[in-house]
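Alright, structures below, take your time with them.
Two complexes follow with chain A in common, the first pairing it with chain B and the second with chain C.
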Partner chain A sequence: MNRTLTINGSEKTFADSQWPVSVADLLGKLQIDQATVVAEIDGQIVERNRFSETPLHHGQQIELIRFVGGG
Partner chain B sequence: MTALMIAGKEFTSRLFIGTGKYASNSLMAEAIAASGTQMVTVALRRVDIDNENDDMLAAIDRNKYQLLPNTSGARDAAEAVRLSRLARAASGINWVKLEVTPDPYYLLPDGTETLKAAEVLVKEGFVVLPYIHADPILAKKLQEAGCVTVMPLASPIGSNQGLRTRESIEIIIEQATVPVVVDAGLGAPSHAAEAMEIGADAVLVNTAIATAADPVQMAIAFKQAVQAGRLAYEAGMAPASKKAHASSPLTGFLRNET
Partner chain C sequence: MKTFTPPNPGAFFLYRGAEMTPPVFFELKQSVVGIAGLGGLGSNVAMALTRLKTGTLILVDFDRVEADNLNRQNYFHDQIGRFKVDATMDNLRRIYPDAELEGHKVRLTPESIVKLFARADVIAECFDRADQKQMITETVLAKMPGKVIVSVSGLAGWGGSNEIVTRQVSDRLILIGDGVSGIGPGIPLTAPRVGVAAYHQANAIVEVLMHRKMSFAARSKS
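And now, the complex of A and B:
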């Protein structure tokens, strides 16, 4: 059965074999450098040192945020 | 020139730099270095999960520059608090430039939401530098709430109109017990010098440098203008008057007085 995550507002579907087991795994699959982002799951911040131990569940809202230039 | 203290940290440069709108990270890094700044602002945005994202922080030496994450994009207090917490989680830094700008056309700050957010953030241990309209009463309330500076705008963000709020900023400077940083709208080095001459403790500049034809040279121009303005303020400006006051002696003219 396929499961979904809403990542930065867009829904992503994962086959069981592709399901990311943790935040760190998700970032790896998306080819995003862990050191440069902060994550929020259903409105709760996940500290970077907990990325690999934080599991993901079907239907969660994930925000992946990074620093950009700004004034 | 005296140093500036904010929240126990010393700044010998009174020019703060925004990092938006640069054509490249390397140009940004060069302009930052040329400006002599010790404080740079950054923003938080969603990662683009379908494209490669460059890591702009890699271009900023965090041992050299105090990073000041902003809450740009926040439309109310709750969004600003959320962004501040994310910024702290992302950077480990608890300094935040608090900005709440519900109106996308003029990007003017919402004073009541800013105060509400500041009260929450100060309680949570953040070092809060709020961006505000040049409102002396609001500045006082934010100072009482525990903000470490107030940052009144010169004119709308990115407008390059200069110090349109001068009279109100003068009142803020007269009354504030925390440093006053003039932020937004300074489009030319002379605008920055003017803000410093009237006693601002520092200025924050982004657009005027980042979008100049030569941002590195413009960074140097702002650096010198800020230094000149501060030196003039500390030297004590000679008063203005309507009538002329001769600089040369009014005696010994080459004519016979009748």
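And now, the complex of A and C:
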């Protein structure tokens, strides 16, 4: 059965075999550097040091705020 | 363009003795703004907020002015070698000698962010490095309930002024920038484009302080 996540407003569907087991796994699949992203799940901040231990569930709304250098 | 109606018309007044200077607003005068980093963003945000007589600025930076900062940061040749906190405070007091400023020459960590910005209404993320931007944004959102942070991502290069936007991500996070233009080989930081972002940032801070709610949500693009 396919499961979905809404990432920055866009719905993304994953086959069971592709389902990200954690926030860290999702960022790896999206090729996003963990050190430069703030993650929010259903309106709650998930701190970077908990990315690996935070599981994902079907239907969650995920906001990934990405930073690039310069200031 | 929005017309501003003062919430309390009696609460604003002109700067004493200077008819042409902008009105000073009671709400700004009562406010405290934390500025994390005094580089291209922070040194310019501090200037803009000082000109409006924003109540108190808490200025934090561990670094000294270097020659190659002068291409975009609000410092002068004779300030090379000085702590940015000291140079910024001097520059701001040349605008208004009575500006209320608090300076800290420290490298910010999650612990010191919570401590030094405890009385700030709004915090401006003015760092250079992406991981530092991440660190303060996460810290404020996770550990400082009620605080608003205005962060910046994507301002390198030149041109494309209109690609730099102000976006309300949540009721406590406002994100400025084009989201993609990081510093890299062949992509320098330039005074005009960093300035566009810095003034977006200052303008968003003023809007938060004046309204204490995100009135620009409706006209934010996404």
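Here is the rule we use: the second predicted complex is superposed on the first by the 67 of 71 C-alpha atoms of A that agree within 3 Å, B and C clash if a C-alpha of one lies under 4 Å from a C-alpha of the other, contacts with A are read in each partner's own complex, and residues count from 1 in each chain.
Throughout what follows, contacts are C-beta pairs under 8 Å (C-beta built on N, C-alpha and C of every residue); 3 or more make two chains touch, one makes a residue touch a chain.
All values reported here derive from a predicted model rather than from experimental measurement.
When the shared chain is aligned, chain B and chain C each come close enough to touch A:R48. Judged by the touch definition given at the top, the superposed model places A:L64 against chain B, while chain C stays out of reach.
In the superposition on chain A, contact of A:I7 is made with chain B only, not with chain C. By the touch criterion defined above, A:L30 lies against chain B but remains apart from chain C after alignment on the C-alpha atoms of chain A.
Partner contacting the larger number of chain A residues, of chain B and chain C: B.
Of the two partner chains, both chain B and chain C are touched by A:E40. Residue overlap on chain A between its contacts with chain B in one complex and with chain C in the other: 9, 33, 35-38, 40, 45, 47-48, 63, 65-71. Taken together, the chain B residues at the contact with chain A in this complex read 18-22, 28, 41-47, 49, 53, 55-57, 69-70, 72, 85-87, 89-91, 157-158, 184, 204, 206-207, 210.
Chain C makes touch with chain A in their complex at residues 37, 39-42, 126-131, 133-134, 137-138, 141-142, 151-156, 169-170, 173, 175, 177, 179-183, 189, 194, 222.
Within the complex, the chain A residues that touch chain C are 9, 33, 35-38, 40, 43, 45, 47-48, 63, 65-71. Considering their complex, residues 7-10, 30, 32-33, 35-38, 40, 45, 47-48, 63-71 of chain A touch chain B.
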